[in-house]
Amino acid sequence: MLLKKNIPLKYVFGKIRFEIMLVAVYSLTINILYYQYDVTNLVIPIAVPMVLGTVLSLLLAFRSNQAYDRWWEARSIWGAIVNDSRSLTRQVLSLMDATYQSEDLTLFQERFVKRQAAWCYSLGQSLRKTDPLKGVDRLLTRRELNYLMKYDNVPAALLLLHGKDLKYALEQGWINQYQQIALDETLSRLCDAMGKCERIKNTVFPATYSLYTHFTLIFFILLLPFALIDVLGFMEIPLVVAIASSFLLIEKMAINLQDPFESKPTDTPVTTISRNIEKDLRQMLHEQYHAPEEAEEKPAYYVL
Amino acid sequence: MLLKKNIPLKYVFGKIRFEIMLVAVYSLTINILYYQYDVTNLVIPIAVPMVLGTVLSLLLAFRSNQAYDRWWEARSIWGAIVNDSRSLTRQVLSLMDATYQSEDLTLFQERFVKRQAAWCYSLGQSLRKTDPLKGVDRLLTRRELNYLMKYDNVPAALLLLHGKDLKYALEQGWINQYQQIALDETLSRLCDAMGKCERIKNTVFPATYSLYTHFTLIFFILLLPFALIDVLGFMEIPLVVAIASSFLLIEKMAINLQDPFESKPTDTPVTTISRNIEKDLRQMLHEQYHAPEEAEEKPAYYVL
Amino acid sequence: MLLKKNIPLKYVFGKIRFEIMLVAVYSLTINILYYQYDVTNLVIPIAVPMVLGTVLSLLLAFRSNQAYDRWWEARSIWGAIVNDSRSLTRQVLSLMDATYQSEDLTLFQERFVKRQAAWCYSLGQSLRKTDPLKGVDRLLTRRELNYLMKYDNVPAALLLLHGKDLKYALEQGWINQYQQIALDETLSRLCDAMGKCERIKNTVFPATYSLYTHFTLIFFILLLPFALIDVLGFMEIPLVVAIASSFLLIEKMAINLQDPFESKPTDTPVTTISRNIEKDLRQMLHEQYHAPEEAEEKPAYYVL
Amino acid sequence: MLLKKNIPLKYVFGKIRFEIMLVAVYSLTINILYYQYDVTNLVIPIAVPMVLGTVLSLLLAFRSNQAYDRWWEARSIWGAIVNDSRSLTRQVLSLMDATYQSEDLTLFQERFVKRQAAWCYSLGQSLRKTDPLKGVDRLLTRRELNYLMKYDNVPAALLLLHGKDLKYALEQGWINQYQQIALDETLSRLCDAMGKCERIKNTVFPATYSLYTHFTLIFFILLLPFALIDVLGFMEIPLVVAIASSFLLIEKMAINLQDPFESKPTDTPVTTISRNIEKDLRQMLHEQYHAPEEAEEKPAYYVL
Amino acid sequence: MLLKKNIPLKYVFGKIRFEIMLVAVYSLTINILYYQYDVTNLVIPIAVPMVLGTVLSLLLAFRSNQAYDRWWEARSIWGAIVNDSRSLTRQVLSLMDATYQSEDLTLFQERFVKRQAAWCYSLGQSLRKTDPLKGVDRLLTRRELNYLMKYDNVPAALLLLHGKDLKYALEQGWINQYQQIALDETLSRLCDAMGKCERIKNTVFPATYSLYTHFTLIFFILLLPFALIDVLGFMEIPLVVAIASSFLLIEKMAINLQDPFESKPTDTPVTTISRNIEKDLRQMLHEQYHAPEEAEEKPAYYVL
């Protein structure tokens, strides 16, 4: 799903191209001032950036940890969505029973399972702030689509339709009271997963933390040439650029990971996961499935 | 919900304005003593603040981690409140059934769902130590309001009303015994979320930790000029101020995050979340909802 | 519940008074040996304590983390006890039903809820190794008190009484079979909370860890004067004392946090929490409650 | 299951043989340039690699933590599979009941339990991308094998068969409605475990993190000779090689741990676990079991 | 249960006696080479061991964390076993009911509860690879002992007997169908606990990690004398020994904690916990209990 290979160096450094150039110009300027204009009282002991480097390392480690946790939590939630979608389908197919397997029940089961696939797509799309129903209409009946018109939150409305259908199945005698509760618990778990995704999407990483880390990083880079210029001469420029790149890349990476639903290449692959769910659910329904050929979600390479 | 942009520098540094000035004055004094009055036997090797810097970095990393965890736990609890409110509403709407959808049941469902919205508001407000019923009366009946008078803990009383209504619904035959238990489990989860919020609100971060970290930080800043003055001369002053700012900002940030229910800009946005819950629940009831225009909770910018 | 303000400096440093004096005397001795008796071949490079300082910082960070986790887990367990006590009361009041609300049932409910409050007090007191029934008799009937005589573990016996009462209620027809199971699950959660408290109480923090950390810390302090004496002269004494204090205070704090049920000021406030639970439960029973005025648990200030 | 002893040194260093040689050649070249061709203006202060060493240590610690967590999570999931397989078998044997223990029921139970063993094997094999049914046919009936043909995801299909059999057992009166739900919940837990394994298998560790860590590590090694050459002369070469090895080995180890389903020696031992499960389940069925002698999974030594 | 006091220094250092002597001899040799034979070109800058010290500190911190987590998880699992044993007993005593409390039921309950105590002992003993039935026969009937003969995994077989007894109780009408499911869920939790213990027991800590950490530590100690000899002369020997001891002790401690079921003094006290469980369960049965006086598990002191 995510390709490990083929991350061009250009891509990696492209992200900090601008910052690298700035740092190069900056350390060149210091160098010229120092050697051409003899502004030599600017030297500071290297121990100063070392103290800053320690606190910066810990800040970046903290940052990376929290960003990774957000990313991994997002991925785990979608893993739980896969599991609960399969369990729901298994329950719909194996708990429900008519005295004779009536055609009505078969249609009902098919509608229910397709609606579950639709729920996954629409959740993924509403997290990315695109039309939650785009491309999903093929999985829903006209009546369901009309019903959804009245709601802002399409996935929540689909779960409500699930709930109403369970009530209908109870009235028809296809499920008993315990089975209704068991299926309803699976719906509650799906509702939980939906809310957790929204929580991650809507809660920004504490901006003050990002900002202070960034300030400390800039301050550290600004000091670096003064600590090295004295000993290294012109060699200072590539060294400063390389050290700055190391730190800047780590910060960039944390920023990329911390928002896992933002349509970036490092995103949680919600559409791919949804498509796999649809395929699995259809196989459980004994339907042949041809994945819709949508090129839109296939960038040249994934970085994550 | 929370704005990323537009955090003015003034705001960021405003928080440590006072401390920065003190540090500047302090290092200036040292400088004058050293160069004007030749009190030059005060120099200490820079390795001493480096050792302190390492332990301080670890203390601040520890502090930041725990503060972030408290903040994220608070946010997760409110995420769970969103989920369970929706699940409760779905259950009330799709599990309850009269032989014919009687008007009584419809009214009952509406009252129940509105009470759930009221619960969210009143929980948020009692966490912030404001009147838990302010602005909530529009969601409750007169009778319910009278009942709540007798209680200190309004949200707990609302859950008790939920429980009593479930008993009533069982007596009316709208739900069966299993459905009552299933709905009661959702109430228990809400009761859990309420208690967890209170736990975070009422448990202060170990004061000794805060204090010791603060002492170590002050001690580190006090030593800094003695370690730098010798090499840097007057350049020492801006350097000391900048390094002190880095550390002070990180401490400030942890202090801000660690109490997520204190009506600060970095707070958990309980009112906004409650309003979203109300909107969702009303849509599920097929009601049109116009959010009350309350300007009070809209500061110029959120920092978090 | 816990006061943030008013931690006198005397209290903070009082805890390490003895150690501070020892360190002062020790570094003074070194100083005298060095300058008076010219024992000058004792100087060691400052890099040696720096390496030790790094490993020590990590050991203390590890220690602080685990101690904080124990403390926070203890607090969370008591938070869960609050939640489950409320849920149990709500279930007892709203699930139980007589064909007409008989007086017997009302008395039964009151006895049940008061016994739950008694359970909280007796658990807190047995964790602190005081008489679990002290002051609790006002919440229990004579018959229950007789029953408890036969048990070492009073809280476990109270849960057994809860269970027996549920069986009685089933026989009386006040609850049905599902409701019995639902209530029994709440009892199992309370039983879990009790066992978790006992686990934290009975499991000491690995003594080897504490010991090795302490040894490394002492060794670090012993080396410090030799590394500083050469450069700093008499200024070495206050510096060594201050650095040693930083490290000693952090260790002290971890030791305080790691045993949260030891009747120290940094303890989990089990009696206060129990009193709040009693108040809440009584309000749910519509009883007026006057807290017993027990001065014993009100020290001049809490440090945590 | 995993041997601690007998990890030959050759194996340990064999993994970084190539890198070690490169480093040796590189530092030799620097040495020759310095001493033979007097390119002596290349010296950099050792503080520069020290700052990089700190950030690198933190990156590697972060990396190790996340890799260990993935590995341990994978192991825990398979632990849960063991537990739920046993619980499922216990439930099948002790919950199901015919008015008289009919032969049909006995056959049904045996088929069910063997299918559970087959599920474990097929899950392990499909995680390793080998034929999920290889060697599993001895545990399944011809009819089941035919049914599985239609599915891509064999383990999911086996769970569906479990579900269908529960429905059949309900129709036969061997289980009641509650027992069906209780067994179905166990199936949902197994479905969860399956999905969690797939999540770990399909989610690569963020490639950018791996890459940036690797870049920083290379950069650190490249700088090392310049910092040491001046003081150490030819002794620099073994030192650089040894330090580089320490860091490279830690990175290698994290890479090995982070993908726990890749048929490497450090893998989660899915086949061994499955075989143990089969043995346990057969004993519960009172069957004598002779493990199939498959030599394929017995390498000379396990490294993990 | 675990004694904090009285860990003799001899014990602490006894564990690394051999390593300490080696280090002393080694640094003495270096010293002699340096001062007697003037092999003085061996000096390396102290910054080199400092870099290694940082990475080593982080490796040891990682190691300590994971080892502590394993130990604490093991302790928590046994805590859960205590809780579930009590809950199971409460359920057996308070859920089961005969129309009149028949003697058969009383005997059945007693057999059931004693079997639960036997389960705890046998689990503890099979984790320590001793005879799982040793000393347990007094808690089981002859018939049960015969049944267990056929099983390798005795605790799993005891849970199966629990399950069969529940079926028997259902047939006798002592429990209803919901109660059977509720009790079976408790059995599933016990089965989970058992499997988790086996997972910790059977999964070795990644051997590569242990090995690399050990290599880095040895390399660090080997370098130490070269960095200190120049400045310190003969004082180098005690310093190197002391620093090496600090690091070696931390490694030792992690190794001790990471395998919590290995009959070491730092073990999880499974026999003591089992004995406490038996005492509690017997009191719940209103039986007087005299603990069997087994001296075998009482060493002179516990270290953990």
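We just call them A, B, C, D and E in the order they show up, numbering each chain from 1.
Quick note on the criterion: contacts are C-beta pairs under 8 Å (C-beta built on N, C-alpha and C of every residue); 3 or more make two chains touch, one makes a residue touch a chain.
Since the model is a prediction, treat every value here as computed from it, not as a measurement.
Note on connectivity: the fewest chain-to-chain touch steps from chain B to chain D number 2.
Once the centre of each chain is set as its mean CA position, chain A and chain D turn out to be 24 Å apart. Chain C and chain D, compared by their mean Cα positions, are separated by 39 Å.
Along chain B, residues 47, 50, 54, 57-58, 61, 178, 181 each make contact with two or more other chains. Contact ring, oriented from chain B toward chain C: the chain order is B, C, E, D, A. Residues 1-2, 4, 7, 12, 46-47, 49-50, 53-54, 56-58, 60-61, 64-65, 68, 71, 75-76, 79-80, 82-83, 86-87, 90-91, 93-95, 97, 176, 178-179, 181-182, 186, 228, 231-233, 235, 239, 242-243, 246-247, 249-250, 253, 256-257, 266, 279-280, 283-284, 286, 303-304 of chain D are the ones touching chain E in the complex. Those residues of chain A that touch chain B in the complex are listed here as 41-45, 47-48, 50-52, 54-55, 57-59, 61-62, 65-66, 150-153, 156-157, 159-160, 163-164, 166-167, 170-171, 177-178, 180-181, 184-185, 187-188, 191-192, 194-196, 198-199, 202-204, 206-209, 211-212, 215-216, 219, 223.
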